[in-house]
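The following pair of complexes shares a single chain, chain A, combined with chain B in the former and chain C in the latter.
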Partner chain A sequence: MSGALFLAWAHIWHHRWRSLILVLAIALIVVVPVTVSRVVDAAEADLSARAEATPLLIGARGSRLDLVMSALYFGEDQPDPLPYQASEDVWDSGLAIAIPLYQRFYAEGAPIIGTSLDYFDLRGLRIADGRGLTVLGDAVLGAAVAAERGLSVGDHILSTPENLFDIAGSYPLRMPVVGVLAPTGTPDDAAIFVDVKTTWVMAGIGHGHEDVEGGASAGILQYAEITPQNIDSFHFHGDVGSYPITAIIAEPWDQRSSTILKGRYLDTSGPAQIVDPEEVMSGLIETVFAIKDVLDWVVRIVGGAAALAVVLALHLTFRLRAREMQTAFRLGAGRFATLQLLLAEALLLGGAAVMLAGAVIWISQPYLSGDAVQLLTR
Partner chain B sequence: MIRALMIALLLAAPAMAQERLKVSAVAYPLAWMAEGIGGDLVEVTFPVPADADPAFWRPNIAAIAAFQQSDVILLNGAGFADWTAKASLPRRALTDTSAGITDRLIETEAITHSHGDDDPHSHAATATFLWLDPAMAQAQADAVHHALSRRMSAGQETLDAGHAEVTASLTALTAQAEAIAASHGGTRLLASHPRYQYLARAARLEVTAVSWASDAVPDADQIAELSALQQQTGAAIMLWEETPPDAAIEAVAALGLTSVLVPTLANRPETGDYATVLAEALARLSAALAE
Partner chain C sequence: MTDRAMIEVTGLALRRGESFALAIEHLSIPAGERVAVVGPSGAGKTTLLNILSGILNPDAGHVRIGETAVTTLSDRQRRMFRARNIGFVFQDFELVEYLSARENILYPYRLTDALSITRDVRDRAEALAASVGLEGKLRRKPANLSQGEKQRVAICRALLPRPKLILADEATGNLDPANKDLILDILFEQAQAAGATLLAVTHDHALLPRFDRVINFDDFAAVPA
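Our next item is the complex of A and B:
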């Protein structure tokens, strides 16, 4: 057998480019279905885990999926705003912990999430460097935001202006980075967290006096900054209950509270809806699985066709080598020896292809989870 | 089910571990209520330094971080200690003790200002020293009792007993205020600082205030302003939130005004507690009115 392997290797090496193409083709036939399956499985696991960790969501009536995607994955499609009073109403009901979320602004390309400290407890977010949110204007970065932008505690970030010509409205806010979160492998890594009141300052609802750097008429760089010197002058206008938020995470005290709370949003003419993220996600996952079934069939058909092509290529190769085999036969090699030679060659090519496919799958494994969910949530 | 169990365990954790519930308060009377109601079940923190005015105190980062670690944070509401509106505090711990009595809050003169070239606008202001009306303090004590009860999985009897004791003290104070209202209702007084709105309402007194530093001797202009107010109101009593310098007492006495010390109790008194100090102050006021 070792002689057959030697001769097979010599033949493969002599036709190395042709052999390489064959190995790549076989490896692809293995990699594609396995990767598709793993992407879908990873997406399902991530979606399910995030949804399971989020008891209930309250938001303005509209797309349930948009509400869940916005509140859980900080997607770009935002539901209509809800008055902050809706969050206070949940607290006042005594049925659940209410965590407001307000997502409207961006900094360094990452979404700014205005929320309360209770969000950090709910998600189990831990400060890896610096401190947590303490005063108006503080910003805490997700691990990926800090790593990818090279930001650390002590740096400043500037919220993206919504409208450069909005002189009477909101100015960008310059915020100190006071903390960086430990990585979690969730969308929280890619977000910037501030107190919900800080987002209201960005929205122009709260402001200080003489807080615009460069002057309103300078027109070059205008931003507000909350400092120990001017924080006392910051104040909010109007009723706090009317300030905007985009969603409320509600964490009921028990099953009974959950049922009663859900009942309060049954009136479809009301401005707010309550959704169970797990339920919405299971709907999405079912859709993903339906797509996966189709993909599986496509992969099976294409894979089968590719496998047939490989078999045909091997068959033609062996036909082309008929004279070579006949010479070997005349030199005394039996039919078994000839078969051994062909099997050894197939074994080497197949083995190389499987090893290559395994390596590709192993290397890509860490990237599948996050990227898979991004594919589905963007 | 697992989540519900975890929440229950988290809430019950302090009691299960025999740890005392950590309670922080932004005003001394709230700390007094929490101490009275919670007893040994609570560890009450009132971090405002003795020489600072809790209404305007600005905590540093460490002090805010300590507040964030509390299981219950007692707010006075009505805009008192407005640093709380600019700090990140866990909503699950916050209890606004005046949330249920907003219809009984007293509005004061609005603050007007403008931003740059914008038109001036006003912010409604609210009188903040609610606890000087024992009936308002009772509502706050009820809110404190409710907040502690929600957080404690055990010890409800202790909380109820403490609440009953606090209520008894406040009932006695209410009776004192009502007695003043019955015998001297409508009497006009002057005050060194505009902080007695709720006391005035409880005792049906009419208090007109100047805005003096209580540790300084008033200058000629201030005396002239006070004299004009005294003639306008016919007041014979001047309320002070702290013991003023002798020269200040003599200066107002020259106008025919009797000085009466009525501490506002926003900060912890050197001796006694909220109930005893306010009872003494009401007794002094009653005696001065009777003269």
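Our next item is the complex of A and C:
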């Protein structure tokens, strides 16, 4: 067999580009179905885990899925805002801890999540560097935001203006990075956390009486900043209860509290709805798996066709080598030896393809796990 | 040259349908003799080489090569016998395009358990290549060798296992006149050095005087040169 392997390797090396294409084609036949399957499995695990860790969600009436995806994964599609009073009402009911979420603004391309300190407790988020949110204007970065943008404690980030040409609108807010979270492998890694009041400042609801940096003339970067010198001048106009939030995470004290709380949102004519994220996610997962079933068939058919093409290519290669095989036979090789030669080549090509596929799957595994949900829900 | 027959053929018959593809009542070739086989296309010259080497088994008759009754061997035994005792030189060289000249010479050793590559075999391959003027060209692949060089590689491949019998099927057919003489010189020298019997099919009658003996398939009579 060593002679056959030597000859097979020599043949493969002589036709290295052709062999490489063959190896890539075979690897692709392996990688695609395995990757699809892993993405779906990782997405299911990710979706389920995040949903299970979120007891109940309250938001404006509308798509239940949009509400869940927005509150759990900080997606770009936001549900209609809800008055902050809804969060106060949950607290006042004594049935659950209410954690407000307000997602509207971005900084450095990452979503800014306005919330309360209870969010960190609920998600088990740990400060890896610096400190947590203390004063208005503080920002705590998710691990990926800090790593990918090279930001650390002491740096500043600037919220992205919603409308560059609206000079009468709210100014971007320059915020000090006071802490960086430890990585969690969840969407929290890719978010920037601030106090919900800070997001209201960004929205122009709260403001201080300070001089705008550089004045309001075009061509000069304009932003607001909350500093120890001006923090006392920051204030909010109107009724706080009317300020916007996008969702409330409600963490009931017990099953009874949960049931009562759910009952309070049964009126479909009311402005708010309550959803169980786990229930909504299981519906999404069922849909994903239904799509996966179809995709599996497509992959099987395409994979089968590709495998047939590879077999045909190998067959044609071996037919082209019929004369070489005839010579080998005349020089004393048996029929089995020529078969060995062909098998050795198929083995080397197939082995290389499987190893390549394995390496691709192994290398892509962490990325696929992390991005699986985004891949499926984007 | 000795008087002991290296090839002994008696009552040989190979049928193709209703007619005989080859029928030889008796043929005897002494060891070390250089024999040319001539005749028109389709007369059975290559068939004879295939029967002598055990590639084909005749319908009737006996073939003995040296001390071995080839026609009594099993398929596997005939292959082993062929690998160890028969050296083939072909008209189209039949070199393996993806192997270097060195690896082409060692090619039969990669194909069969009857032969194994040792240090000695490698050294002999180098020496053999040097003796036919291939030094410095052993790393080249066939595409980078001239026709004459390719045939020299093929001759080295045939001779490396130290065969008793060399079968050359139109070995000079694809060469220019200068190379024909040169390759025949090399073939004769190497066969003599190895003490091997040479049986060469050829259509080139100008080369016949150089052989010890000519077998003419026209009338199938052994004609002394």
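To be clear about the criterion, the second predicted complex is superposed on the first by the 361 of 378 C-alpha atoms of A that agree within 3 Å, B and C clash if a C-alpha of one lies under 4 Å from a C-alpha of the other, contacts with A are read in each partner's own complex, and residues count from 1 in each chain.
Going forward, a residue touches a chain if its C-beta (ideal position, glycine included) is under 8 Å from a C-beta of that chain, and two chains touch if they have at least 3 such contacts.
Everything numeric in this text was worked out from a predicted model, so none of it was measured.
Asker: Under the superposition described at the top, does placing chain B and chain C together on chain A give a clash or a fit?
Answerer: They fit side by side.
Asker: Based on the superposed arrangement, let me know which partner A:H315 touches: chain B (first), chain C (second), both, or neither?
Answerer: So A:H315 meets neither chain B nor chain C here.
Asker: Touch check for A:S116: first (chain B), second (chain C), both, or neither?
Answerer: first
Asker: Which partner does A:F236 reach: the first (chain B), the second (chain C), both, or neither?
Answerer: First partner only, chain B.
Asker: A:G3 in the overlay: touching chain B, chain C, both, or neither? Say first, second, both or neither.
Answerer: second
Asker: Please indicate which partner A:K197 is in contact with in the superposed arrangement: first for chain B, second for chain C, both, or neither.
Answerer: first
Asker: Quick test of understanding: once the structures are aligned on A, what is the angle at the Cα centre of chain A formed with chain B and chain C, as a multiple of 10 degrees?
Answerer: 160
Asker: A:Q255 in the overlay: touching chain B, chain C, both, or neither? Say first, second, both or neither.
Answerer: In the superposed model, A:Q255 contacts chain B only, not chain C.
Asker: Could you say whether A:R323 touches chain B, chain C, both of them, or neither, answering first, second, both or neither?
Answerer: second
Asker: In whole Å, how close do chain B and chain C get at the C-alpha level once superposed?
Answerer: Nearest C-alpha atoms of the two chains are 67 Å apart.
Asker: Within the complex, which stretch of chain B touches chain A?
Answerer: By the definition above, chain B touches chain A via 1, 3-4, 7-8, 58, 61, 64-65, 68, 85-92, 113, 115-116, 118, 121, 123, 150.
Asker: Please name which positions on chain A make contact with chain C in the complex.
Answerer: Against chain C, the touching part of chain A is residues 3-4, 6-7, 10-11, 13-15, 323-324, 327-334, 337.
Asker: Within the complex, which stretch of chain C touches chain A?
Answerer: 53, 55, 75-76, 79-80, 82-84, 86, 88, 90, 94, 96-99, 103, 107-112, 114-115, 141, 157
Asker: Tell me, which parts of chain A touch chain B in their complex?
Answerer: Per the stated touch rule, the residues are 55, 91, 94, 97-99, 116-118, 121, 131-136, 138, 168, 195, 197, 207, 209, 216, 231-232, 234-237, 251-255.
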